[in-house]
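The next block holds one structure in the form of structure tokens; read it before the comments.
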């Protein structure tokens, strides 16, 4: 499996099922991959935010990539996040995930440190130089606290440094600038522009995006594939209806937010995992430390979202 | 060497000298430690922000701690940062730095992920449970993007989870709340409150703080020790004069900021290292990737700050 | 003219032409209104951000509303901003603009002061109580520094407090939540959801929005009306082409941003006014104090954007 | 009364007592002024943040200035805020407060609009040109969302544009840069640097600041005057004890924050006014709309702070 052509379609950021004592639950992970493949997804992205990459040790990260790559056996491209603070540390992760068989790497701008566009460009150039597989930029200002500017992304695409963008910035106008630039600039070819939004997939595809990387596709891969197919067919009305159904389903991420006793990550990742357990895909809904677990009531609330969306 | 009593005095966050090809320059690191010890400092903090911890690979981090601990040989306490995104990853670093001989660990709240006070408390509790050495909280909102609340810190101090605080938040009122709380709450003993500011050491000590962790003390350790001693002696007028001299010297951190071609980290860390090279302490001023290097003109500007402060 | 039915269509935030000595240039304002009406717009919004409401004195604000309302003579609905920090001050502006003939008022959440959702709700309720004309909420976090939550907006719509939303938040997912909620909640009728974006009008309308309030429609009203009509006709492909043309035209807002000598407001509002002057609609491109004026080169750059878009 | 010499000492931002129906309660305002004068304060600042200037209509603002200026009769300098979004609107307020007798005006950078250092400088220059009385810059990033850079302030001081700074930025290092610059730059004379902090007055004066503008001085003017005198006498130990007492008293600002049902302004201003009522200085604790009122329990909590500080 290579990524010689631009990546398109639905590429879920694969959740990382954990055992009650917070080890990677490999059988559940394999089951989840089977569930995604059965849903018709076009690629997999492991070690992203929905994968709790920020919470996994190096040993656990390696185990995730090896397990998924081995099980997929080349049927789909497998991208892997190489999430760390700066270039030297990211390069270690790039080597690790490629060693474990990843077909492409997904990399944010430097974080924790204060940074600058010139330093971000240098960061991606150094990584692309050392990476034998395509490098996809990951724009996630809520975590990284800088925004990748559209011109920076497009210039690095033209240089051949970047093979794609996963845009989780929430800035749809900036996203459109990249989509349009990638289509109209003569010095750019084969660049893949993917939205990280669960809620704007139809909009993104209507603008000309190549695909989507929605965390909620763990829970309902078939729904996102159906949405993708409707958009590709130009059936915007039914696409909107499907997107609206998924929009409502996404409400589950607030399951733990009612009384202010946990953060957004605990609530959203807890809900995705609770939903996967309720659907019988994974064995245990535990999230990594120090996240707070959903209560039984909150899990029940997740179940109601599944039921309303026709998934239980 | 243990940290059974609360840490006091000047505890510089030790820069990490690099070779031109960005390996740890151990002889320069040893020379820097000697320079700091000769300046009279009361402890050392390796793998902090001024140490470029965010840029060092795991291998390099371990080399730094081992080199410094071995060379210091128990003459001073050596704290080490365990800087990573979440509890499981921080725990790996805690094990590594303790294995390398650190006398205490310095830990931020979770970052990159969205978090919550309850999760931050759980994070520190889990780390303290597993750490045989004292845990110092590192409050650095500019990097971590959350602020440790004074009450949270004081409650964790009372529980015995935290042994100290390094406050680089810039929030002097919040700092004062911790200093005052640590002095007046009956359930807290032996808690060390340290300012991370270069510019407010006299103010912090006047409020009752225990010490300071100023990055600029790499460049002028004797100056900060003199400032500390003047404050301890209650000679506030001469302390202010010394602080004012160091305030002016700190202007060097803007050496690379004039034309907007680099970020704040490149400029500040580049200036500290240029100053150490100009003073003959380290061999090379290189900073880690992807930081931008100071130009010759900018290094010359650093030299003028040194000259004005009587350090060249 | 009343606003008894929900407002739909293209409702430009009308620029306020100024004389070289910064008085309202009433003849140019009338000429601009004629240009907009000739372009086919469906309503007018005076005293918004693109109108430099924040820069106009109370006397100037009154002159603007009276001039436009009188000239329009009921052919189109005229909304007016009542932009100030808190409820009592906003109420004074509401009375003034209604006295001057406005058909509806547009109001932000409190700003400058620290606020809270309960206080924002109370703010809108008090204003609606005292306003004989419909109240439209203006969501503009870049100025107001709070975001109006979708549920807050929808609940106030259901109560009859709010008649519409102008969303300039940049948060398309939140916008979609309001659009969808307004369509599906049984307790809401006649609520108008308008995007303030220049760049996502097709997306917004595809989601089910009622219209758009794009500043750039001052420059090219016919373009936005054409875009609106194409979307209403379901001709999404040609709509996208028109939106892409307008997206490129919008690049003019960066005309003054190249060398960092002015802020975003100076650059964007300066560009709109330069374009209106170049198109012969207004007499002078001056913006209000303390904004920095575009240079001749920068105005020339604006001209190139007009030429590329077929507007010169 | 003029401000020909730099302002020094304790200059409280005078609360604006309101009647239950939110009109200015002039007798209570006069009583409050008497209370402050009796406490020994060195000047008065009306129409600041603690005065709820952002909530007062133009008519109410004028009434406040006239009432206070007339009653004070030149015994103390009276500064007045001219708080609005941009230069033209601020100029109207400047004219109004000078017409009502203010001895100096206090002005923030532009807010609501996006701005730029060059525009901020122009803003202050235009205001100083038109103001026959001294102009004091008000640095309040929590409201204004830009920070006044120390070099900008000092350059405008050297130009004669600014007569002083009220720093409520919370950035003590930046504050120190202004204090030190004002003392050491040869082109600056008679510039007054005042801290807006309640909690760092001793620190600020130890650095060389000229005075303080603490909102809490409404409640305990004599305490702040005592603190000021101790600092001026160099009795830093007793100064710290007095500051610590006031630090504890300041805890009242959180009286309404416990259960998240109001914003910070409602809680802090509500507490100040409750304290003034409990101390018998004003008749009614009402705050302006749309702020949420403190409950009886919360007012009782305020009373406990007063009792602990020896003020009841």
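Should a chain be cited, it is by its letter among A, B, C and D, assigned in written order, with residues numbered from 1 in that chain.
The definition used in the following text is that a residue touches a chain if its C-beta (ideal position, glycine included) is under 8 Å from a C-beta of that chain, and two chains touch if they have at least 3 such contacts.
By chain, with names taken from UniProt: A, B, C, D = Dihydrodipicolinate synthase family protein.
Given the structure is predicted, the values throughout are model-derived calculations rather than measurements.
The fewest steps needed to get from subunit A to subunit C, moving only between touching chains, is 1.
Counting steps between touching chains, the shortest path from subunit B to subunit D takes 1. Counting the residue numbers used at the interface between subunit C and subunit D, over half appear in both copies, so the two copies meet with largely the same residues. On a Cα centroid basis, the chain most remote from subunit B in this structure is C. With each centre defined as the average position of its C-alpha atoms, the distance from subunit A to subunit D rounds to 49 Å. Each chain gets a centre from the mean of its Cα atoms; for subunit A and subunit B, those two points are 35 Å apart. For subunit D, residues touching at least two other chains: there are none. A list of each chain pair in contact follows: A-B, A-C, B-D, C-D. On the side of subunit B, the complex with subunit A involves touching residues 22, 49, 54-58, 60, 83, 85-89, 92, 110-116, 118-120, 122-123, 126, 142-145, 261-266, 288-292.
The part of subunit B that touches subunit D in the complex is made up of residues 170-173, 176-177, 180, 197, 199-200, 202-203, 206-208, 234, 236, 240, 244, 247.
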